[in-house]
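Each of the next two complexes has chain A plus one more chain, namely chain B in the first and chain C in the second.
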Partner chain A sequence: MKESQFKAARDLPSSHILGAGTAMCAGCGGLGAVREVYDVLGKDTIFVNAAGCMTLLSVYPFTPFRGSWLYTAMASAPAGGQGVRDALDIRLEQGSLRKDEDLQVVVLTGDGTANGIGLSATSAAIDRQLDFIYLCYDNEGYGNTGQQTSAATPHGARTATDPETGGMPGRKKDLFAIWTANRPTYAATVLAAEPLDLARKIETARSLSGPRLILALAPCPPGWGFEPSRSVEIGRLAVRTGIFPLKEYIDGRVVHNRIPHPRLPVEDYLKPQQRFAHLFEPQRDDKRIGEIQAAVDAYWLEVENGHA
Partner chain B sequence: MYRIRFHGRGGQGMKTASRLLGTALFKSGLEVQDAPRYGAERRGAAMFAYVRADRQPIRERGNVVSPDLLLVADDTLFQVPVAGVMAGVTAETVLAVASTTSEMIWRDRLKIANPIYLLPHSEVVADDDFPDVSAKIAGAAARLTGLVSEAVLLQAVEEEIAQFGPKAVKLNLHAALEGFQAMAAGEGSVRESADLPADSYEKPEWIDLDLDLAATAAPNIHAAANSVQVRTGLWRTLRPVLDPKICGKCTWICGSSCPDGVIGVDAGGYPEIDYDHCKGCMICVVQCPRHAIAAIPEQEAVDALEKTKTAQLKGMPS
Partner chain C sequence: MTRALLTGNAAAAWGARLARIDYLPAFPITPQTEIIETISRWIGEDEMRCRMVMLESEHSMLTAAGAAASTGVRTFTATSSQGLLYGMEMLYTIAGWRVPLVLINVSRGLSAPITLEPDHNDILAARDSGCLQLHCATCQEVVDAILIAYRLSEQPQVRLPVIVNLDGFSLSFTREPVSLPDDQAAAHYLPAFRHDAAEFRGGHPASKAVAVLGGGAYSYFRYETHLAALAAIDAYDDAAREFEQQFGRRYPSVECYRNDDAEISFVMIGSFATKAKDAVDRLRDAGHKIGLVRPFMLRPLPEADLRKALVGKSGIAVIDQNLAPGRGGILHGEVTSVLYGQQERPATVLSYIGGLGGRDIVIEEFFQIAADVRAAVASGATPAPRLLYTRNELTDMRKMQAAAHVEATGDGAVDGTGGAPSKETTA
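Take a look at the complex of A and B:
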């Protein structure tokens, strides 16, 4: 593979093509990821956006994009992406669009769509080998409507669905594993707070064709309950505690880009977030914290043994 | 019927304030409505909440158009037209404002003769997760209505805040009490106003608005990134201000950490913050390795800029 144009953080773009003035919350980890992805993909990108927080990106008559944006219902963004890709292909074939005018099709969805309502349309798009990038901003809940539980809500996190219970009883669905089980061209996990790693992965994704997943953890100040100023710090803690592994799937193999060492205890990540406050107050819930830690430990043991 | 309106910014807890007051009034034997009203549901955005209380069942619905008691948690909101703080204020409306500016000055600024009560600054510093202004302002409102006893107020706070844990309860009890005690002079000064009969409704006056520039009224929807016409800088309550003497010009750090991408690089290689769009998340303040960016209250920053401008103007030869 070609050497990356992003060798160090100082190589990251210093001006950005995504326009300011969007209605996303201050400190939005999802907006940061979208901005960084767009910087690397460039203006010849068309976004097909499923309903979600990012609905607010492009509110008529304003848009932060430099090209088209297509808005779809939650379940149908990959189908919208297929329509756009087909139209582009037909025009390329007819010669009404030059090859250098071709656009990258990016489906943009939240985790509620990606793990739930939109999953079957996504699976079918991978089956058809649709040439698209699927960018999921994962804020671990239905953020736009006040953070209700989604299939990506982590174990023990309280949401608006169950504000007074022990939080999410289940486990966060593993979207990366679902995708890689479908053998896409590429899949990667990214984070706005790790812009260099993100830029390199988008560079790789850009150079490939076929179905490609970019799964971006999106720290959410109002939904997770922390001050907007801590958004980047919370994201980095997700990586350093091993809760959010930075990895990519390429040529049929999963590679971990960073193995946190030493791995910080999960409570360093949990404690600053209001959604996990019930694990620490009024009494410390050692059982629950232990469960979360054990799941993370088991994951990295698998990685060290070469099974993940 | 008593009609009470709270104005604040998203994150200050005006929804909670209306809820606390509503519960306290309900426990005092009144029929109650309380509801928040948001534009965009996000931190820093102007929002309001309202409470109605009556000894009879309440049939009125919707926003409180003309408040008997108006409470303002952030005095910078008076200048924000869309916040509509003064909407429907009559000569009878009692005002309570969290502010360090005197009531005399407020009467002068707002051109009203109404009683204005000032909410004191906290003795305890609130922690980030639990802004204490909501309980304080609810306590103040309770006293001004004269309908709620101290014991009932505290009971309401205890009940409503319990879900956030004992630390939050303690902080809010203290704040509610502080607000309640500070309003001793105005106890019961709020007068309930009569129900308006439906036929008293007057159509609002027809207003002819000046035409906006075409570019504003109908922006070019095919233009690239025209979202920059939206000034999200108005969201800010704190302003990140760079000290170039400390700055190490590692602009890729603050630049790439800004979710909105509003930190560029100026000709001298320093980061340049676009205040028209900076939403005031303060990530750059936290991320700057040299601590060269400070968080300054927006009003202070604006006042300081005005002063500099005036000084420059005065220094200029006429």
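Take a look at the complex of A and C:
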């Protein structure tokens, strides 16, 4: 593979092509990821969006995008990507479109869509080897509707629908594993708070074709319960505690880009977030915290043994 | 021009072929599947240049169709019944996208109970979606309607999806002689896809279907869709006139059969209207002044043409092959609302429900309906809507119920509708 254009932080774009002044909350980790991804992909990109927070990026008559945008519905953004991609290919073949009029198709959805209502459309797009990038910003809940529990809500987190009894009883769905089990061209986890890692991965994704997943952890101040100014810090803690592994799937193999060493205890990540407060107050819930820690430890043990 | 014996499904495939479609997103459902299989075969045999993609649902299929049309290719797709309803969210959505495309619906009754056989509840559930609707009665009409539908859909003042409806079984699987325009004639009538400035392409940023805040912007766009649908009334007349000039076949938005001097009119849509025509002929032979009024276009509703056809009649019978539980016949409501407030409106508009889930409407029933209307006109009293059902059908039903209870002693209760039928119906 060609050497990366992004060797150090100074190689990152100094200005952004995504316009400022959106309706997103201060400290929105999802918006940060979209902005950084867009900088690398450039303006000849069409975002095909499903219902979620980012739908409010384009509100008539304004849009922060220099390129194109199509809002579809909650369940079928990958099918919208299919229609656009197919039509572009047909027109390129017919000669009614020049090569420089081609577009990079990016499906943009939240975790609720990606893990639930839209998973069937996504899975089928992978089956068909659709040439697209799926950018999922994972704020671990149905954010737009007030942070209800989604399939990506982590174990123990309180949401608007799991408020009373110790938070989400189930486990977060492993979207990365679902994708890689179906052998896409590429899959990667990213975080706005790690812009260099993100830029390199988008650069790689851009150089490939076929189905490609970019799964961005999206710290969400109102949904997770922390001050907007701590968004970057929370994201980095997710990496340093090992809760959010930075990894890539390429050529059929998963590579962990950063093995946190030493790993901070998970409570360093949990404690500053209101959604986990019930694990610490009024009494410390050692059992639940221990469960969360054990799951993280087990994951990394598998990585060390070469199984993950 | 060639003449061929074609089923309604083959006619639909021919319509798509003559329209030189670029793109076909598809999903199987009986009784529609033959359409996409036929086109697939033609693509394989190099008879057609078209990209066909199997989607994983009708919801996705319609999304892909709308997105492709937004990117500037002539798009065709087809579904039926459960599929149309599964994609309902996207029917409203693609109408709001203001994209031209043609969708075939092969009408089939809706679950529950699940059936494969035809009626019009599926297509009428899409009545208010913003997609335009043409309703075919013959296989010839299916071919022609598709060409007309593309002309209409691609008019700049319209730019709305058009659904061409044909009845399952009675058209989809029935062979009729069809005259097929040759390629050049079809291309002359329907020129190459008309591109639009808002299509997606690089170097040309466009945003579609963005959110709006507040009722002002929302209402504006909704009203625009409505006005575009209304503009389709004149645009349809133009498209149909040119079709007639070129091919000699006439498709008024409302077909009137022996209706000019009629005192009584049947109103129906779809292929069963050919049964009504037969009944009209027989009743005319017996000296009754009766006619048939068949809306070919149901959305936009050609109100002026409907009024022209019906004002001045003494009585009307609307025969609905659909049922809105708790209301009755959907077409009946459309017809009466068009007539309300008109001078010389018919004093009585009777409502009949029949032909649900493949049930026939036999000629004797048309005779009975005509007699009912005459009686209502004479007495001045409109009877309650009638649900067509014969004594024999009820006897057969009672037998089945008895059998169901016998089987139910085996493994579980079987009731008339909601429960699992004793013999599986497959779809």
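Criterion: the second predicted complex is superposed on the first by the 308 of 308 C-alpha atoms of A that agree within 3 Å, B and C clash if a C-alpha of one lies under 4 Å from a C-alpha of the other, contacts with A are read in each partner's own complex, and residues count from 1 in each chain.
Following the convention adopted for this analysis, a residue touches a chain if its C-beta (ideal position, glycine included) is under 8 Å from a C-beta of that chain, and two chains touch if they have at least 3 such contacts.
Just so we're clear, the structure is a prediction, and the values are computed from it rather than from any experiment.
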| item | value |
| --- | --- |
| Chain C versus chain B on the shared chain A, clash or fit after superposition | fit |
| Degrees between the directions from chain A toward chain B and toward chain C, using C-alpha centres, nearest 10 | 90 |
| Touching partner for A:Phe65 - first (chain B), second (chain C), both, neither | both |
| Contacts of A:Ser150 with chain B and chain C, given as first, second, both or neither | neither |
| Touching partner for A:Glu281 - first (chain B), second (chain C), both, neither | first |
| Partner chain(s) touched by A:Ala79 [first = chain B, second = chain C, both, neither] | second |
| A:Lys43 touches, of chain B and chain C: first, second, both or neither? | both |
| Contacts of A:Leu88 with chain B and chain C, given as first, second, both or neither | second |
| First (chain B), second (chain C), both or neither touched by A:Gln273 | neither |
| Chain B versus chain C as contact partner of A:Thr180, first or second or both or neither | neither |
| Three-chain overlay, closest Cα atoms of chain B and chain C, distance in Å | 6 |
| Chain B and chain C footprints on chain A, overlapping residues | 43, 58, 60, 63, 65-67 |
| Footprint of chain A on chain C - complex, ascending | 22-23, 25, 51, 53-57, 59-61, 63-73, 75, 89-90, 93, 195, 200-213, 217 |
| Of chain A, residues touching chain C in the complex | 43-44, 46, 48, 55-56, 58-60, 63, 65-73, 75-84, 86-91, 94, 96-97, 100-103, 120-121, 123-124, 127-128 |
| Touching residues (chain side chain B, partner chain A) in the complex | 40-44, 128-129, 163-167, 218-219, 221, 224-232, 235, 250-253, 255-262, 264-265, 274, 276-277, 279-283, 285-287, 295 |
| Residue ranges of chain A in contact with chain B within the complex | 9-10, 12, 14-29, 31-32, 35-36, 43, 57-58, 60-67, 146, 163-164, 192-193, 195, 221-222, 225, 227-233, 274, 277-278, 281-282 |
